[in-house]
Amino acid sequence: MRRAYLGLIRKEFIQVWRDPKMLGIIFAMPVVQLLLLGYAVNVDVKNITLDVYDFDRSRTSRELVSAMKAGDYFLPTEEAFVREATPVWDLDARFKDGSAEMALIISNGFSSGLARGDSVTVGVLADGADANSARTGLGYCAQIVNRYSRRVTGVSPPVEIRHRFLYNPEAESVNYMVPGIVATLLMMVTVMLTSMAIVRERETGTLEQLMVTPIKVHTLLLGKLTTFAILGLFEATLALTIGVLWFGIPFVGSPLLLFALAGLFLLTTLGMGMFFSTITSTQQQAMFLAWFFAIFAILTSGFFTPISNMPPLIQRITYLNPMRYFMSIIRGIMMKGAGLVDLLPEIGALIVFGAVIFSFSMIRFHKRVG
Amino acid sequence: MHRIRFIVRKEILHILRDVRSLIIVIAMPIMMTFLYGYAINLDIENVTISIVDFDHSRESRDLTGSFYNSPHFSRPKVPVDPLDPESILRSARSSAILYIKPGFGQALGNGEEHTLGMTIDGSDAILAAAVQSYSNVVLRDFLLERVPHGVPVPGIMISPRVFYNPDLKSAHFFVPGLVAILMMMISALLTSITIAKEKETGTMEQLLTAPVRPSEILVGKLLPYILIALLDGILVLVFAKVVFGVPFVGAPLLLLGFGLVYVAAALSIGILISSLVATQQVAMMIALLTTMLPSVMLSGFIFAVKNMPVPLQAVSYLIPARYFVAIIRGIMLKGAGADVLAVHGLGLVVLMASLLLVAGRRFKTRVD
Amino acid sequence: MTDNTIVRISDLTRRFGTFTAVDRVSLTVRRGEIFGFLGANGAGKTTVIRMLCGLLMPSSGAGTVAGYDVRKQPELIKRSIGYMSQKFSLYPDLTGGENLRFYGSAYGLNRSTVDRRVAALSDRLALHGFLDRTAGSLPVGWRQRLALAAAMLHRPEILFLDEPTAGVDPVFRRTFWGTLYELADEGVTVFVTTHYMDEAEYCGRISIMHCGRIIELGKPLELVKEHRAVTLEDMFVSLIESQDQCNA
């Protein structure tokens, strides 16, 4: 049986090498995705275009405006000339055509009010179409105004929080995204290729031929799965290397642990690939189904947005998504140096899922073949 | 005209019988609308935060209550390990730890200055920034309520006002853009596959021996997809309004007009791709790589284009979705008119015209 | 088995739901025979072969192939048989040589044994020069030979060939049957299904299936005489046409 197993692996590799679409998936996809995502993905909100309407024109108001300009949060546009009596809602023409995302309105009595020790108000308008930018922009505004206010009035609240940030010192979103990309690549490649490879045997009719030989069903499966496990891990390594060498992302934890757990994750993805092969009859269907499933898994894994943001019902659904656990694992290991103990719940979940999906798919496959 | 009808009917049968196209046309839109409306949510809520209280005063307990009563924060499921507090961050059971040092309650009572410490998991930079600012907000509100002598209110207050989306719901941002993505998917992806399939199975050759003109074949094949794309777009819009409350402030006809231009551009891409490949599978892969991926990444659908490196920004000008995303958001959320959208509209029209030209030329030569 | 029987089945039946594909088929095949299995499309021939190869479990009935029970020992049967299906199931993207090497390993042969046997088979079946081309690029006749080689690598006692010459030109067919005769002389039993009547005449004995049952069994020329037909084809056609329609 060992000879059959090795023969199977060799055959699979030859077939992958000769198939342009599989090669495309293995090589083109990771490189393109990584480069694109690494550069395009940018959830940091910066350079918000800000219209400034300063009707006070005092030294204090100009200082406030300078404080807003400092750093790269805001990008003041040319100060628009508008009469003070203009109603606020007319200012939205600038929002409509996208020339400004926010506006700061400092009214006439700003500095005089402050000098008297009153509490004064500045108006801040935001284009809410991009909710995230608006919220973040308002947050920046609040911070800058508070700080300036403290400086000018000499008054500060009695209790403050001193914040300290762990991990990701440069607060680069790339560091957070690339591990996620590695996880998605690992999943997509293994699910797609495995399901396609198994279905292909059925398509060409060679499955029947194989069944007539002494090769046992599980040897056959193991041969295919081993091949794609190897390819999947190769993918992951390729992506990680690009990430670390090209994008300079950190790798704080243990690579060995990551690979071991990637192997565990592969149990679930290979199992899914096997499962899809039992419900499709052509390679194209298999590829498609795998893609569809992958999108769903990726979007609900915490890749783009934290799971805690999602409605409670969806959060509960994500517990069934193996990718969610691996996302935590890879980010934990790479960015925080998480160890075995820290990741026990995720590991446990992956073991359970892996065992269930894998055995279920195996049984289905046996039934389908026999 | 008569002949076109038969081709349209055949095409519709193909669509109904092919699992793939059914998935793209029905299942995908539903799933993506659902996901982007509900799951992909940049509103930071329910962040798990651990509070370690060394003060054990009534004030510290009240502060703890304030944090957990806020919609932004929620309780962790496990306590902090006193020997290794940061392990809770490493294992992602909590996103931040707030330490209330001894003397907090007393300082508060005496009006003295006091500092609290917070350690935040910085791996998700957005979340971390949000935690920082929300924690400040919770603290400030707490002080405003609790401190007996009246807290000196900072001299300058902000009066914020949000246009178009006062509750700052993510869905308003994503769902309109999703329409653009879905329409691209149907128009470009499906079209490239269907034409490639005819080539692959040899039925294209068969069709051409019949008294049908190539242009009629093309129109007949594309018509169903135009209809489906528009239909899907409308469905998602209705869904957006009814389920997510996304407003539609502007002119529907204007959107329809731009929508048709957009679909034409997408179809041209589909035709172009199918003229370059021999098999459906390769068509699908190329379509995914050149239409879907860039449309999602580089159109402003999720990530702001202006923050990207210049080369990518340049590439984004070649992507029809870039223009359409801006247009549909402008019309739906801001009620922008043709005058305001002229720039985007022009870009889209120019792009569409060039794509149509190239695709048309290629299709003719390949078929003849 | 001390006598010469290599296949013995009695009342072998296979049902799929309410449909009976094979209905109480019994026959025996002796070692070194070339046995032809005829019948119209859908008569149940392929199903019988599948059961004999251990691919399908019978619904009822019993049988042994090469001394092993079809129900209890299908794995052992597989080691003793070679199988060539209607589709010549070779991997189209692998070369002839790679296909053979793979199937060799599937039967547990080590590399040097495989190489030796491939060389011998190349001589015998004139495969030289075709081993380096992908199987998908070969014309049908050569693919057929390759498939036969793959089925013979492990020196099986019995060969099951399901329509092995479909779509192959007459010259190739003749040479193919020449090889089958050689094999039979060497003691290999050949169990073949075919639609070609001239091939049926090459067989030692034939059986004709209809609606899952064997309706005729014997030596080809004797059957022709019995039915007072002129050719085997005439006999076959009139026999089938005289039968009732199969009820599904």
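In order of appearance the chains are A, B and C, and numbering begins at 1 in each one.
Please note the rule applied: contacts are C-beta pairs under 8 Å (C-beta built on N, C-alpha and C of every residue); 3 or more make two chains touch, one makes a residue touch a chain.
Note that the structure is predicted; figures quoted are calculated from it, not measured.
Trainee: Where is the C-beta contact count highest, in terms of which two chains?
Mentor: More C-beta pairs are in contact between A-B than between any other chains.
Trainee: Based on mean C-alpha positions, I'd like to know which chain lies farthest from chain A.
Mentor: The chain lying farthest from chain A is C.
Trainee: Please compute the C-alpha centroid of chain A, do the same for chain C, then give the distance between them in whole Å.
Mentor: Result: the chain centres lie 56 Å from each other.
Trainee: Taking the mean of the C-alpha atoms as each chain's centre, how many Å separate chain B from chain C?
Mentor: Roughly 59 Å separates the two chain centres.
Trainee: So the centre of each chain is just the mean of its C-alpha atoms; given that, what is the distance between chain A and chain B in Å?
Mentor: So the centre of chain A lies 13 Å away from the centre of chain B.
Trainee: In chain A, which residues are in touch with two or more of the other chains?
Mentor: If we look for residues of chain A contacting two or more partner chains, we find none.
Trainee: By the touch rule stated above, which residues of chain B touch at least two different other chains?
Mentor: If we look for residues of chain B contacting two or more partner chains, we find none.
Trainee: Mind listing the chain C positions that touch chain A in their complex?
Mentor: That would be residues 53-55, 75, 78-79, 81, 83, 85, 87, 89-94, 98, 101-110, 134 of chain C.
Trainee: Please give the residue numbers of chain B that touch chain A in the complex, ascending.
Mentor: By the definition above, chain B touches chain A via 19-20, 23, 27-28, 31-32, 35-36, 38-48, 74, 86-87, 89-92, 95, 98, 104, 107-108, 111-130, 132-133, 135-136, 139-140, 143, 147, 151-166, 168-170, 172-173, 280-282, 284-285, 288-289, 293-294, 297-298, 302-304, 306-309, 312, 326, 329-330, 333-336, 340-341, 343.
Trainee: Help me check something: in the complex, which residues belonging to chain A touch chain C?
Mentor: The contact residues of chain A facing chain C are 1, 3-4, 6-8, 10-11, 14-15, 18-19, 204-216.
Trainee: For chain A, which residues count as touching chain B in their complex?
Mentor: 20-21, 24-25, 28-29, 32-33, 36-37, 39-47, 64, 88, 92-93, 95-98, 114, 117-136, 138-139, 141-143, 145-146, 148-150, 152-153, 155-169, 171-173, 175-176, 283-285, 287-289, 291-292, 295-296, 299-300, 304-306, 308-311, 314, 328, 331-332, 335-339, 341-345
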